[in-house]
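Shared between the two complexes below is chain A, which has chain B as its partner in the first and chain C in the second.
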Partner chain A sequence: MNNHNVWATVFSAGTFAQMLRSATPVALAALGGLMTEHAGIMNIGMDGMILMGAFVAAVASYFCASAAMGVLAAVAFGILIGLFFALFTVKLKSDEFIIGCALNTFALGVTAYLSREIFGLSGTSGYLVPCLPDVTIPLINKIPFVGEVLSGHSVFVYITWILVVLMWLFVYRTPVGFWIRASGESPETLRTAGKNPERMKWIASILCGVFCGLAGAHLSLGYLNGSFVEGMSASRGYIAFACVIFAAANPPKAYLAALMFGFFDALGLRLQDYISSDLTGTIPYLITIVMMVYVVVSGQKRRERLARQQLKKIETP
Partner chain B sequence: MKKRLNVGYLVALLISLAVALLIGAAILAISGHNPLVAYRALLGGAFSNGRHIGDMLEYAMVLCLCGLACDIGSRVGIFNVGGEGQLLLGAIFAAQIGVWLDGTSAWIAIPLAALGAMAVGGFYAWIPGVLKVKLKVNEVITTIMLNTVAAFLCQFLAKGPWKNANKNIVAGTGNLPSAFWFSKLVPGSNLSTAIIFSAIITFLVWYILQKTTKGYEMRLTGDNPRFALFAGLKTDRIVIITMVISGMMCGLCGMFRVYGAEHIYKSSVSNEYYFEGLMVAMIAQYQPLPTVIISLIFAILKIGAMGMETAAGVPKQLYLIIQTVVIFCMAAETGIRVAIGKAREKRQAALDIKTRREGGAAHE
Partner chain C sequence: MTDEIRFEHISMEFPGVLANDDISLSIRDGEVFALVGENGAGKSTLMNILYGINTPTAGELYVRGEKVTTFSPKAAIDRGIGMVHQHFMLVPSFTVAQNIVLGREPKNAGVLFDNRKAEKLTRELVEEYGLEVDPSAEIRDISVGLQQRVEILKTLYRGADILILDEPTAVLTPQETDELFEVIRRIVREKQMTVIIITHKLNEVMAISDRVGVMRQGKLIGVEETKNVNEKILASMMVGRPVLFDHLEKAGEPGEVAIKVDDLYVADNRGLPAVRGVSLEVKKGEVLGIAAIEGNGQSELLEAITGLRKINRGTVAVCGRDATNHTPGEIRDMGLSHVPEDRLSTGVDKLASVADNLLVGRQKEKRFNLLGFHQRRSTVERYAEELYRKFDIRGAGIHTEVGSMSGGNMQKVVVAREFTFDTPVLVISQPTRGVDIGAMEFFHTRIIEKRNEGAAILLSSADLDEVFRLSDRIITLYEGKITGEFSANAITKEEIGFYMTGSRKEGEA
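Our next item is the complex of A and B:
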């Protein structure tokens, strides 16, 4: 193997196309996760939400013989699971961490049980259900490198781009988005302003459920071309959570973080011959830890600086 | 007061279990199984013969150690979610130390392996501990990230440098020399003398937490860190040391899995067992004694479910549903109790105001 070959493999169109594919389910879930993050709920139950969403989408697609129905069912289910999550974390004030953990395990159990009961299959063998279409973008698909990277993906890859923009607008440019952020940062202030922070948390939780449902639907109907596999969320919920933390809950940044995870995922697959994919697989997680330390430390520094300035103002009359 | 609380907890636990079993029965009935037959098969799967009982006790041991590791962490206010990674790393290092020391006496190899497993597990818990204490980085997130990193690292080691010479084993370390195996208490089952060590550890944890000043200091650190600091406790040190001990317990648990049951490191050493231990600890509200009891119940459910799958043809994943429904029920019960308490307080306060007003009116 020579060096030129390695670089050619790393920066080939295939790597970037794979990056987009790997990033999309994570990005979708991250869009949901950043809503709960803004509302001040630590949601580590996303993995379970994705898994159940994937299962519901596959089952609905199978019985209705239509992938669109699958997506619809996943969204409807996402609303339900968001309500369920909010019932415990907001209404009953349970420990969000406990509920998240339990939700993940519950999803693992209930999807495996039902998929065995409905389809009579065990383990990883999938069954095919109607899947979502791939999209070829006209004109762009003619451009040599760019076309290969951007065109020909499952439809949700492109829907995610639109959703990222919409979510950015929603979070930072609409009153409801503002209230949701306030419900996490300073619920009492929001209450004083006459808005109910609990209601905002409910909304955030439902939105999170919907996005995780979409992520699941994409996973089973788009990413894997119409099949459900037990445990197919494969910790994507945790990765999405990492993206949210990484991006400080900003939608475009979260998408970039998901792209980074996708890149390392693709890199691991591409470089299997040269370096163990198990080692490249650790990189995003380590980067997340480093980023978290950086975010926290720089935040403390900033607060210290502000405090010192305030002190100076008070001391100098 | 304390006694009444315990009774309340016990009632809540029993109700939750009953509800979970009922929901399980409903799921069974809907999917076309006879719940009674299935549950009988489940009990049979856990108790029908010595091998099953042995497996069940071994699994309870794993859950108990993991649950206790979580208990002691939460006692000082730190959440060790990284036990899975600590367990895996402890297991793979213990296995590899055993392979390296092939030919030496078991009296040298086993203590060294235990020390190695504890050192690795402890170190792996020390990282998030220090980050939490010194930099205030959320330990839940770092430990979750570190779990995945550890799983990848173990995969790498088991496929690469420490790979088994046997080509058929894709990912696994060398076989543990049989001289180092813990002797089996029940032939053919996973139950080994490791459970005796685990029992000792369990007792020590209970004793230290409930009966010593150290345990009291830990509780103080967790309940009211500022007060503990003003009382002269080195809270930072207490938190870090507790976290390291928690990691050491997980590492040791990994070693027990390898030396007692698997005799090789491969991915079946732990299949997210720590997360089940975590659920046990949550249901036990981070108290040692309930942790022991609930790990037994969970182990019966899991090992029994495996028997149920073969005997009654019910997918074994039913046990996961039952276990998590118990958690949801407990959470709901606590939430409802708190809500009722608050409503009662509010009513009482309103009543107080009313009587005071009336009292005031009478005075005038």
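Our next item is the complex of A and C:
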């Protein structure tokens, strides 16, 4: 196979379409993670939340024979898990890190056990579950390349776009958004302003649960066309957390970070034909590490630049 | 005049502590009322009750004749009470306007935060009260003095006509303090506001208040018309016995140079330059005081000298030996003891006993161990008992966990340990922060004793009075540079204030 073909495959419309698909579950979870991040809760339990959300969605969809019911169940479950998380981290003031770890470990175990009980020994549901519809965007789907990239995805790819905008408005343009940010940055300030910072943390935690539930529902009902697989969250919760940090908890930036992850995930899938899939599978995770290094280094650079500016300010009276 | 606020037999009990004990107090409409007392006397607790942060365990509170039944900041705000806390209650990444409207945001379309309206409202307040500040500046970019204005504007925005100020001058320069007092006088005169100011600085009580209430150990000792009392009377009311701030007898001439700092550059925790080309000398038998507003490099300077912080450029010599970038242990061996700024994080081991804390630094001495393995506990305890008595540490004995002691006693443990090393050089930072007047007297006497014995002492304190009282020479630091050097009896506090805010003395580099 010659070089030209490799490039054509790598940068084909299919790769970019896959980028959107891969980015969506991460972006959804990141939207939740940035809420807890703003509220000052370190939430590394997102992976477990996604996994359980995926399982609940699959089961509900299976028994109700309706993907919509699956999504609804995942949202309801998200609220519950958010309440559970807030109960420990906010109300009982336990260590956030430990609770997050516990949640992830628990999620792996309980979903594996229950899925074997419900779907049989293999631990996957197969394609028994009703899945979410794909959406074809009229007109745009007629445009070559662009149509291929943007049209025909599972419905949550598009819902996520709307949610990113809504969340941006919520965080930066509504009083409650201000209160949630204040509850993380300076809780006592909020308290003396007559608002309860703990309540804001509860809200953030519940929202995080809901978004992780949606991410899970999308994963089992949309991304994998209606099947649950053990451990299917595949560390997306951690990558979402990385996106949150990378984006300084800003929704559109977090979406861009998720897109970047999606691109490299898609790239990995494309390159499987040429390189061992074990190797290509590591690309998104490597990128995550690179992203984190970038955050640290750029933070350092920014501080140095500030230092120089400040020096200048002092020296030129 | 009517009673604006009435406390009736208010008590507040925290687990194990009776912070307020049966307090009855009336505060009149349109007066400036000063509440004074030592740390832990219960002033802040009482005001937190008024502001609804604490719910009293007994007693009743009336605001404008109405009995208060729900204690919450929100309810207090609705009653027109505003409080400026000692530690500012501001969100650093929000703008001035966003901080001011926090909790009561103007909205457009009923949902979205209206930033333009918030800034307009802020500008109106700024103009009405003459408190100049930029509504769109982020809090983290503006000075402490301006941040305090934002705090006051915030309470005004919430419609406060009773303003509580908790230690408002602790972080201000003398000039900023004057400006603040001007603002207080104006809002009382023009807007008929009632102002309650919590403080332990008696000269400020005399300068600003109409009446003054003195608290001690949770009790209200007395309420006086300010014009009928003086600082001395108030001080003895606060402490419960006469306090004699006598002139400290300084004796002897300065000897040879013991600390020599040459062209020092040090960075702070963020990597920003904190100390920028500082040179100084401290001679034996003198106290060199550093006067600076917090965050102008004094902490970093002392940390660099004592080996706790990396030196980027320049040199430090202790007793004639190079100490640049040596470890704290090596520098101590050269003959330096250090009373650090923050006793909780670097002064003591909170979980260890008084005895163990007193031992630190001496554990290798032969008399305290057997062949370097077995600690001679009885010798250690005898030694600790001796210091415990000598330094008048008050607590439940040498086995007490240091973290459970009061700030003053904790500081006595640190001072007892460091002063008994009998080193020729002492670096002392914030010796009396959070310490009551009685203990303050004690520390000052000890420091001057050391000076008279011939120790070279480098002192840094946020309390300008303390710097003046103890120092032979004073240097002012501003943004990491020395802006002036003075003989302590040749300059006034007001003059020093100018140099602390960046004015430069003629002829100084």
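We take it that the second predicted complex is superposed on the first by the 265 of 317 C-alpha atoms of A that agree within 3 Å, B and C clash if a C-alpha of one lies under 4 Å from a C-alpha of the other, contacts with A are read in each partner's own complex, and residues count from 1 in each chain.
We take it that a contact is a pair of C-beta atoms (placed from the backbone, for glycine too) under 8 Å apart; a residue touches a chain by one contact, two chains touch by 3 or more.
Given the structure is predicted, the values throughout are model-derived calculations rather than measurements.
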{"item": "First (chain B), second (chain C), both or neither touched by A:E185", "value": "second"}
{"item": "Which superposed partner A:K253 touches (first chain B, second chain C, both, neither)", "value": "neither"}
{"item": "Touching partner for A:L169 - first (chain B), second (chain C), both, neither", "value": "second"}
{"item": "Partner chain(s) touched by A:A193 [first = chain B, second = chain C, both, neither]", "value": "second"}
{"item": "Partner chain in contact with A:F97 - chain B first, chain C second, else both or neither", "value": "first"}
{"item": "Partner, of chain C and chain B, that touches more residues belonging to chain A", "value": "B"}
{"item": "First, second, both or neither for A:Q300, with chain B first and chain C second", "value": "both"}
{"item": "Touched partner set for A:A242, first chain B, second chain C, both or neither", "value": "first"}
{"item": "Those residues of chain A which chain B touches in one complex and chain C touches in the other", "value": "300"}
{"item": "Of chain A, residues touching chain C in the complex", "value": "169, 173-175, 177-179, 181-182, 185-186, 188-195, 300, 303-304, 306-307, 310-311, 314"}
{"item": "For the chain B and chain A complex, residues of the former touching the latter", "value": "27, 31-32, 79, 131, 135-138, 140-142, 144-146, 148-149, 152-153, 155-156, 159-160, 275-276, 278-279, 282, 315, 317-321, 323-325, 327-328, 331-332, 334-336, 338-339"}
{"item": "Chain C - residues contacting chain A, complex", "value": "51, 53, 72-74, 77, 83, 85, 87, 89-94, 98-99, 102-105, 107, 111-113, 267, 270-273, 276, 479"}
{"item": "Residue numbers on chain A that touch chain B, as the complex places them", "value": "42, 44, 88, 91-95, 97-99, 101-106, 108-110, 112-114, 116-117, 122, 235, 238, 241-242, 245, 276, 278-279, 281-282, 285-286, 288-289, 292-293, 296-297, 300"}
